[in-house]
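Both complexes shown next keep subunit A, but they swap its partner, so subunit B is in the first and subunit C is in the second.
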Partner chain A sequence: MWGVGMTSTWDPSKSKEWDSQQPNSICMSRMSRDIKQLLEEERQGDLDIFVYPNDQNLTKMMALIIGPAETPYNGGFFQFYIRVPPDYPITPPRVRNLTTGDSSVRFGPNLYNDGKICLSILGTFPGPSWTPIMNVGGVLKSIQSLMSSSALRNEPSYETRSTKDPQVVDYDRLITHETIRVAVADSVRQAIDGACTFPVKFREIMMRRFLRQKPMWVKTCEDNVHLDGAPMNCIYGMSRGTFKWGTVKKELNDLEPKVLAALDRLEVAKENGGKRVVKPAAIK
Partner chain B sequence: MDVQLEEASGGKSAVGYVPMMEEPDGDAPFLPAASITVKKFNPVFFWSWDVQSDNCAICRVMLMEPCLNCQVSNKTACVVVWGECNHAFHNCCMSQWIKNATATAGSKCPLCQAEWVIHRVGN
Partner chain C sequence: MAAPDLNGSFEEGSLPKKFKVNGNAVNGDGSSSNGGVGITYSEADSSNDVGSSSSQFPSYGPASNSQDGDDLLPSYPAWQLSADPTDYPSDSNEASTSSGSRGEPLKHMLDCVEHQYVDERTSKQMLDIENEIKLNVPFVAEKEDLSVLGDEYSDPVYIAKIMDLKSKYQWLRRTRGDGNCFYRSLGFSMFENFMRAGDKEKVEAMKRFMVECKDGLVELKYPALAIEDFMDVFNDQLTKVMETPTDEELLRIFQEQGSSDFIVVWLRFLTVLQLRREPEFYQNFIENHSSVVEFCQMEVEPMYKESDHIHIIAVASLLKIKIRVEYMDRGDSPTVIGHDFPEDDAVPEIYLLYRPGHYDILYRKDSD
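Let's look at the complex of A and B:
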């Protein structure tokens, strides 16, 4: 669906040229190390980065990065598809942002609406490039650090702008709106649906977080509702429509009972699934 | 040494048991102290980062062991390469990186980004 057969220098979903090569042994062992380390860091739980490795193929994985607090991305659920090359770590991984509102939302100067991430270590941006001592965890942390306040200052010619610059402030408000509308409401709506392709692990994290953080997002909507109907302008001249804080707030309220029900279903499914796994061992 | 001492203290004849360690070199001349005057003293220091980097930062395998590709293909002649920055990697891993890096950004040490100049290759 992402242009089958095409290749691209950044897009993991258009990396056909990697399919024909068997990953070498350094690649495989480095990836199992990287994954082990990521899962360990995840268990310690202070990074808000979660990974879902592909058991069949160590070179592919999904990641969920939660937007850092005190930024316009606060609590947003951003999913990524990561693929490492057959000669990893000699050449860098490729990463695609999957949370783009169907390629309609540019979440920042470095987070394009087509899923491309401009990051020097990925080779998609000028600056310090990839070196083989880096790993997937480092890439994910760098992506998380792109989710900062005064996000517009990540744009090369805006780096020196004040944090109080009206354009910088307006851009953060726009990102806040889109984060709640797309990275929260849309993501959670998809996570509720049992048929969605998100890993159950991510669905559960998203729904539990949603219940915890919903009051905060609702308050943000209420604080900004006077801006409804105003156009969401940005320096990139994209047509982004208008602010709809009221609609987003209603969406959040509608989602809450559905999340509770979906979590119950997930619990039941887990218990049943658990029994199936436990029984043979108990007989022994 | 312990065995020798025990035997010596055990009443056996210690003749011929001059411990090798204590034997003077014989070649070293013993000069009277007064015959030398130090006029100039130029100390030369060698330094290195005191880091416990036993692993190759590229493949994360111990430097004492062959790199993974060599392990898989049963090659044991995998050597270690030191740069002038004193960072060490498996030669196999490093040459792969250099081959790739010269095509793009130029050959730099992956750890410190200094220009990669080979200082030593060996074990």
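Let's look at the complex of A and C:
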């Protein structure tokens, strides 16, 4: 079976070979600067990229990328696990997309359902390689730029298709559906219910964003509800089930009061002070 | 910065050998719109290794973390819900639903996995090569008598050339064949020359020049802080070897991964600076790239990319250093062929031995 006995070279969660090497001092100082810069950009708040570094180990972090507006990923919550090698920045980080509906959803030509991200600077795609002047922030921005409209055109040989090409349009609709179903509804439900390795910081951002953007998603569902029951086909030759805009809309509506309640608890916890672990986040 | 934005001229020929596994394009239709022909691998029986494997990837949740020892996520205290004052219900057992309940038809799995397999195999192969190199050869080795080369060849063409080399050179210093060998050889030789000469004035002048070069790169919009890191390491280590002018110190600097690689990066960016300063001139040497900028991005800035004449010409001209490269290959000439960069009458300061794909350092007979 594929994968057995083979070193995975993209997956940060299977990077045991990095455990045996102590990151050198250059790696650590560079990484702490990268993190500082990321947190600073986050405070300025116009990137929609959030990070949660690991205090105990600067070489590991979580990131939350919000799908850019005017794309099928609009507002979706995509979480990533990032790990940098002991010789960072000489060699690139490894990144895994954690928002995949339990490895069932391929969120685009370069965002595989198993969490692999095809990006040349990560060494997982042909093209310009990583160079040591790049950093984790640049990687996250590149990943965000993969979340584009006409997403199918990120696929080699589809790049020159028109934005109005039926396949391109259909694929965007599919991504829109899966974004709302998985990257929004599933993510937020997990953030509330605590099926959760999510950092509290991310959960708070997700819930507040949800309340703000829910009407938009509901409208998208309503606009497409006539397609319910149609198969979600794509060029990858798979049937991904059928569109369920109505179900997704109902889920969004069901979630709203739960999010409000969860945020209330959060506020109470904040007022009570205590050992709060939520760091203030840049919330617009 | 995202890969797929780069159009066009990424030619197969520009890939280092270790990438060139097979000539077929990934899609089988020769399309290269997404940044080129690129990494290919088309072993016919790859599907045999394919399986339905989506469930082997753990999903969210601590429940799946422990399986087969994967390090899915670091355990942050803040994620421990019981310790979370926001009082979310804690139920980590529900976290894992990675059983692949949303099943996928086999064809898609095959397509997906095969695509991944392509990259996995190629990069696995690279990793193997790299690990092998790492185990066998230090970044820069101790000096050896040139006669050791005789052990590597039985071909009379090479034997004759080694004889010729031995008439002029005494020592060989090997460097690791990781694609950085030219820069590593250059850096080592520069440092060694400064150390032997012991001229502190000259070293200070060089360090000031490095600062100017850094400013030049920043003007070209390279990120200041990152660029400065590499320059700092170069200058700091140069200072160190002047304070402790011993062979041991010199070797330490070039054998420790951190300092050694950072010096390589800095020399790569010095090469970039010169190329970018005189694009009209260097454009003439570039075959497979549409511009000097793209050439730098693809062939100079990334680590492990090998160097050719154009790189040597550029960096030698920027540093005003004369480099002689002795070319030893299968060619008919009974002697090695020396190339000087730049081509003038000055006495070379740095001598390198080139064998296809690799540079080592040479020492003249009259050197110590």
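One rule holds in what follows: the second predicted complex is superposed on the first by the 263 of 284 C-alpha atoms of A that agree within 3 Å, B and C clash if a C-alpha of one lies under 4 Å from a C-alpha of the other, contacts with A are read in each partner's own complex, and residues count from 1 in each chain.
Note that a contact is a pair of C-beta atoms (placed from the backbone, for glycine too) under 8 Å apart; a residue touches a chain by one contact, two chains touch by 3 or more.
All figures in this text were calculated on a predicted structure; none of them were measured in a lab.
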Inset, instruction - Could you classify subunit B and subunit C on subunit A, in the superposed arrangement, as clash or fit? - result: clash
Inset, instruction - Go through the superposed model and pick first if A:229 touches only subunit B, second if only subunit C, both, or neither. - result: neither
Inset, instruction - Scan A:156 for contacts with subunit B and subunit C and give back first, second, both or neither. - result: second
Inset, instruction - Once the structures are superposed on A, label A:89 by its partner contacts, choosing first (subunit B), second (subunit C), both or neither. - result: both
Inset, instruction - Return first, second, both or neither, reflecting whether A:25 touches subunit B, subunit C, both chains, or no partner chain. - result: both
Inset, instruction - Kindly classify A:132 by the partners it touches after superposition: subunit B alone (first), subunit C alone (second), both, or neither? - result: both
Legend entry - Dominant contact partner of subunit A by residue count, subunit C or subunit B: C
Legend entry - Which superposed partner A:215 touches (first subunit B, second subunit C, both, neither): neither
Inset, instruction - Mind working out whether A:199 is in touch with subunit B, subunit C, both or neither, as first, second, both or neither? - result: second
Legend entry - Clashing subunit C stretch [against subunit B; choices 22-30, 292-300, 328-336 or 346-354]: 292-300
Legend entry - Overlap of subunit C and subunit B interfaces on subunit A (superposed complexes): 24-26, 30, 33, 87, 89-91, 128-129, 131-133
Legend entry - subunit B residues touching subunit A - in the complex, by the definition given at the top: 57-61, 67-69, 71-72, 93, 96-97, 100, 104-105, 108, 110-111, 113
Inset, instruction - Can you check the complex and tell me which residues of subunit A touch subunit C? - result: 1-3, 6-10, 12-16, 19, 24-27, 30, 33, 52, 54-57, 60, 62, 81, 87, 89-91, 98, 100-106, 110, 112-116, 118-121, 123-135, 138, 141-142, 145-146, 154-157, 159-160, 190, 192-201, 203, 236-241, 262, 265-266, 269, 272, 274-278
Legend entry - Residue numbers on subunit A that touch subunit B, as the complex places them: 24-26, 29-30, 33, 87, 89-91, 128-129, 131-133
Legend entry - Parts of subunit C lying in touch with subunit A, wherever the complex brings them together: 1-6, 10, 26-27, 29, 31-39, 49-51, 53-62, 69-74, 76-79, 81, 83-92, 94-95, 97-102, 104-105, 107-108, 111-113, 116-117, 119-120, 123-124, 127, 222-223, 225-227, 229-230, 233, 257-258, 261-262, 265, 269, 297-298, 301-303, 305
